[in-house]
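Take a look at the structure set out below.
For clarity, chains are labelled A, B and C in written order, and residue numbers in each chain start from 1.
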């Protein structure tokens, strides 16, 4: 059988962001694949060294479009740690609310992309239609659908009004019902299962060896969730479950993500019910004392880690960002081996890709 | 099997004489020489600390340091001093395959040689990049953004 | 002289060129609107397919270097021509314009199976990775689903004892429409039709997320427009054939009422096709072939044997 190399990307209808795969096929099965990142590399880490701490918030929001809020949250936590600031509880609750809403929106987006890639256009349309509810809520709270600009060093910039809280409490149950329907489709639909079960299996040992994080790890049975294990910003006061499954294939990842969405809807409701009164921010000094800080948090795709080093001036000496997509990309060549050509698109979509995050 | 135990054992092989290369960090950290890296990683794996979050390259004064951020319930950072003369460090990929992309990024951005993996292909920078390692201290800084400077 | 004018009117307007194109675009619009409504969208306005074709004709026509330009033009043109002929014959027989002759059933089936072969050849001509791989898959699908369609729909010919469309119609007119006794055959020929038309869930050759556009990746402009028109007409003719063969006796030929009933049945069938497209995911090529040879073909074989025996 002759070998043939197919390029997927950098431009391909399957990919939302540029990424280059070279897949070598023999007959119908994949024998090898290589991956090339860097098409959206913007040199953000180097750029962050030339801007002040406050201006860097705007920069880090634009690392990714889908998980922009968690990036600024983690960065602000790092800088607040260096300044030894404790943000007021109301500010922390507002941050958490947007984190959870962003998680919902990211998972629904991903479900649509997976469904489109396996040919189930109807689920794509339904998931993105339900996502509009979340985007409208986020626009109510922060003024922007995907780019919120609500974090600042010391807290948040905008407060939640009572009308907003009431609107959130009205919309969340509606969203819950719709996501429940999507969960039923994902769990029970025969054609969905036929395309996603058994595809792209990762064993728990592989997950640990490749240091995979997020829903991909939880779908293989490795229970790591930073909201529970290293809670930041008042997550310790809230009550939720982290979802794990043991199947380890694309189907399990879909179920894990949808069930996490349901948990996040419950969390958002708790946040809105329990939000304390008070200030939303404390003022922060411009000059940050010397030191280093490592800050971690749980983005929709897994663990985001920020390392900020300060040398006593107004600009950071070094900021290092590691996003969770990079951990999943390492496993892709291993997952793709032995699969058929038609499953390649399922696997690539099943690992929630956010190349802008990975490239920075 | 926990991180306290690992920290205790690592302290025994740390480079205590170069304490000026430590900096205040919110996690446990251990300063070691680059020759001790593989030993340290073996100790960590024996104690069950096998999640490597990322590898950061940073300048402490004039010396280049590589930070290996590990995590098991809490964070632990290995601070590895890179010798200026030979600028190289061993790869972790035989123990932790997930370190591959992080090591390649460091090799590309800081110009460090990683013994044991192939870093000739660029990962983030374009294939025809000729301007050396962007994060190196000697490289000219990009134009400072002096507009709207805070007082 | 008068015959020539009548002939020209027939070929160009009714039931020829313009009528068939209008009807084909109309059915395509029904399909798109239905699928959109199932997905919760509004869907395109009625003139959308026409606007698409006009736009395609106005676009630049580029091909990769090294492609055989003559073939690249002939293949879509032939595809368009054969589907037009099949449609013309079907509508002509239906309206009593010309009598059906023995063997025209086979002729229509043959004409309707050519576009799939030309589809594959189209990919082979403009060789590019996606075109060739998509072409290979389409060939696999072609072998499987053409056989299924032919086997299933021949059940009606066997039951009626004649190889002409008119004969099939007469047999149903005297007895009862074949749908009553050959439900299984009807379902199998529907499955075969979905495979021939490369609609979801069998749209692997055209799957955008896998093979970009399959064999048609490198076509643009007028040639792509002709491929699309061939697709519309193949759908039209295929649906018309199934309605004719299975629902035959339900209308009187060459009456307004008869036309309306026929049109209604065709729209109903299009409904069914759209629902199936909206509800299922795309099957993988091996699942497709598997389903076909392990399930569908034995069932239709059994059906045909039963027809012959009973």
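Rule of thumb we're sticking to: a contact is a pair of C-beta atoms (placed from the backbone, for glycine too) under 8 Å apart; a residue touches a chain by one contact, two chains touch by 3 or more.
Note that the structure is predicted; figures quoted are calculated from it, not measured.
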item	value
Chain occupying the middle, per Cα centroid	A
Identity of the chain that, by mean CA position, is farthest from chain C	B
Chain centre separation (chain A, chain B; CA means) in Å	25
Distance from chain C to chain A - Cα centre to Cα centre, in angstrom	45
Between chain C and chain B, distance of the C-alpha-averaged centres to the nearest whole Å	63
Residues within chain B bordering two or more other chains	none
Complex contact set, residues of chain A against chain C	4-7, 12-14, 28, 115-122, 124-126, 129, 191-192, 194-195, 340-345
Residues on chain B engaged by chain A in the complex (per definition of touch)	23-27, 50-54, 56-59, 67, 69, 71, 73-75, 77, 96-102, 121-126, 134-135, 141-145, 150
Chain B-touching residues of chain A, taken from the complex the two chains share	36-38, 41, 43, 45-47, 49-52, 54-55, 81, 208-212, 224, 229-230, 286, 290-294, 296, 303, 305, 307, 309, 314, 317-318, 320, 322, 326-327, 329-330, 359-360
Chain A-touching residues of chain C, taken from the complex the two chains share	35, 38-41, 129-130, 133, 200-201, 203-204, 207-210, 212, 278-287
